[in-house]
Amino acid sequence: MAELVAADIPDGSYVNLGIGIPELVAKFVPAGREFIYHTENGLLGMGPAPAPGQEDPELINAGKKAVTANPGASYFHHGDSFAMIRGGHIDVCVLGAMQVSSNGDLANWSTGAADAIPAVGGAMDLVAGVKTVLVVTQHTTKTGLPKLVRQCSYPLTGINVVTRVYSDLAIIDITPEGFQVHKLAPGVAFKQVCEKTDAPLLPPKEN
Amino acid sequence: MIDKRVATPAAAVADIYDGASVMIGGFGEAGSPIELIHALIDLGAKDLVVINNNTGNGESGLAALIGNGQVKKMICSYPRSSHSRVFPELYHAGKIELEIVPQGTLAERIRAGGAGIPAFYTASTIGTPLAEGKEIRNIDGRDYVMEYALKADFALIKCENADRLGNLVYNKTARNFNPVMCMAATTSIVQARKIVEVDGIDPEHVITPGIFVDRLVEVTVPLIESQLIAQGVRYP
Amino acid sequence: MIDKRVATPAAAVADIYDGASVMIGGFGEAGSPIELIHALIDLGAKDLVVINNNTGNGESGLAALIGNGQVKKMICSYPRSSHSRVFPELYHAGKIELEIVPQGTLAERIRAGGAGIPAFYTASTIGTPLAEGKEIRNIDGRDYVMEYALKADFALIKCENADRLGNLVYNKTARNFNPVMCMAATTSIVQARKIVEVDGIDPEHVITPGIFVDRLVEVTVPLIESQLIAQGVRYP
Amino acid sequence: MAELVAADIPDGSYVNLGIGIPELVAKFVPAGREFIYHTENGLLGMGPAPAPGQEDPELINAGKKAVTANPGASYFHHGDSFAMIRGGHIDVCVLGAMQVSSNGDLANWSTGAADAIPAVGGAMDLVAGVKTVLVVTQHTTKTGLPKLVRQCSYPLTGINVVTRVYSDLAIIDITPEGFQVHKLAPGVAFKQVCEKTDAPLLPPKEN
């Protein structure tokens, strides 16, 4: 999935990768393209993890893992970092999801359970400010419940913000008509995807 | 002569009082002023309102301050941690209040507090539970929520180099919330790995101008949170 | 490979269209992108809305752009100048509009435009004619005026060193409005005294990260406004 | 006057000096005190004018004159510079005046004449944001009209902002009771000051 996401990101994009599966996107930059990675804790031009023993505890990413800085990087404070996000300067962000609705609402921060401690981080700022919000997720939860739904039951992260979803079953666009399958995963039938989706799906268009 | 240096972390935090609001810089262990936090634990001031992106890790630094029962309320974006049970236990026991603020709104509210902007509008949280009860305004066809500035009585800050006037530079992503918190606190207290001569920082490279800094203490070899966690260190 | 360099000032400004809004950096002659302005004069785009703190000096740079009749409206804090009659003459002849904005509000409106803040509150202008007709809000017992963000189609910027990614550093007080204007414009066009290798600027010292920059042109020996004035130079 | 102003500024103050007479204050720093001068075009730690021939056209003050930077100086952009002003971080500013009213209103940017081109610069930000606003001015205009008045007739720069006025005749505090003469200039009688002031004046207090 991460590789498919990377293939869709245009050359020269400024990209913010969420914690988890989205982080893997950095491993799949297509040949001939240059992406510049933004991490919201104050670094543009984030590079890969350092060699063991080369970590600087004060050079970390938003997931608090040790990273490096590429040539041409820059450091800045949180105010400036979220000015980049909120101000629409980041081209693409890649996030995980608990639920995505057919109009592009995203829920990815809280189950809304009574005893859950709310924890939002930077997700609401990212979805409100970044031009293209890509979601990478398993098509269903661990217990098999659909994550692509008519309407999110979990508390929202943002409304009408998701551009495209990359799941293990399909790549699905959010369109004014709802979920539009862009491409099925190899060996997956449209019907299978429909069964695991709790909203109408438009079949892939013929090319 | 202006000289903002004080001798020890204890002297630097000595006037933090019960009920004070305290911004604490750092994101994860980067830029976390552990020695100043430990001095605040030694001091024992309680009923504090603490502003930080998280709630600390392990059993030292911010997690220890919370664990020591000195914090009445946390204002943060992400109170979860993979290395600390301190906050969740107090929270579930109803012993600590929580105000959850998206990370970018938190940073901007602090920056606004320092910049004399009492309130501003942002699209973050529109349509979510965090916008509930807040004023919404439509500007040029899009909805925005009004957010108020955030100020504090004190800020605890970690930097790399400083001079006696309070000019600061940071190390890499240790910059994070530290510069905006320096701006937004009535009294900004800074621990520097090194205090250099007054011409030791190029004026072009200063990140926090001295006007935002009140006190400086040199901590040459600061504790490293991940090492404390690995060693199972518990403060005090 | 990302490479924001273009060959000439003319190529850099070639798509500025009639009626565009253009932020022009600089305060006095410090940080004023004279070569880019002259390229805009050569291009001839008209009915421009120009945002700058002043209205130019002498008969080159911004004053020449205004004098050439290309500017429909100026947004600035201080349109007077001791070395230029260009603006006053057009203003008194009713040939140019003026929106006067206090310098700090101008800077903050531009910063807000770049930072995704559509509006904010400030105490500046309260009780003065410049607050008339604006929304006033009392917050914690003090009155504030609401101000809207300012964005532009283009920004013309001068810096000292740049790399191909668009990372910028400035020379002393030439910094002024340039960094916030880079943030607030759809297309930021920068003239750099020197374009250095991509590892030629320390990541700790970058003032404008490349994300805010679209085009770069090297102007090794830029014109100096005070010398042009002393020499009585008139552009074109 | 400039010397009297300097004498009243506490050690360690961050000070912004307006264009004109206020600039002269920098020449009179009392022995043993250190002031740090802020110029709103992006420099903290402004030093005196450079030696002739040593000017850098990109190192200027708000009046666009060549200056220097003292050891321990810092440069910043206009957004950050006015954050210092608006955010209440500058301790003292010294400004000129066209009119000051007895409740501390200041008019110093426009006569309001129909053909005047409005030009405000940073004055409204300074009076709104700086803790202590000191005014240095001749007591009357060139044509002899009082500048200290019951109510300003010129457009205001700010309301209730002036702390103290230094004129050629007296030092006068703005108090809840109105203009309070703090000190008369040598050889000047209280009555003289009253005659040249268009508002009630409280006489100097006995010490």
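In order of appearance the chains are A, B, C and D, and numbering begins at 1 in each one.
Following the convention adopted for this analysis, contacts are C-beta pairs under 8 Å (C-beta built on N, C-alpha and C of every residue); 3 or more make two chains touch, one makes a residue touch a chain.
Being a predicted model, the structure only gives us computed values, none of them experimental.
Considering every other chain in turn, the ones in contact with both chain A and chain B prove to be C. Common neighbours of chain A and chain D, by the contact definition above: B, C.
Averaging C-alpha coordinates per chain and comparing to chain D, the farthest chain turns out to be A.
Between chain A and chain C the centroid-to-centroid distance comes to 35 Å (mean Cα coordinates, whole Å). Once the centre of each chain is set as its mean CA position, chain C and chain D turn out to be 28 Å apart. Chain A has residues 43, 69, 75-76, 82-83, 85-86, 129 in contact with two or more other chains. Shared interface positions of chain B, i.e. residues touching 2 or more other chains, are given as 108, 111, 115-117, 122-123, 170, 172, 203-204. Listing the residues of chain D that touch chain C in their complex gives 39-43, 56-60, 64, 69, 75-79, 81-83, 85-86, 105, 115, 117-125, 128-129, 155-159.
Against chain A, in their complex, chain B makes its touches with residues 27-31, 53, 77-80, 87-88, 91-92, 98, 100-108, 110-111, 122-130, 170-180, 207, 224-226.
Interface residues of chain A facing chain C in the complex, by the touch rule stated above, are 11-12, 14, 34, 36, 38, 43-45, 69, 71-76, 80, 82-90, 129. Listing the residues of chain C that touch chain A in their complex gives 1-2, 111, 113-117, 163-165, 167, 183, 198-199, 201, 203-204, 206, 209-212. If you check the complex, the residues on chain C that touch chain B are 108, 112, 115-123, 137, 139-140, 142, 144, 148, 169-170, 172, 203-205.
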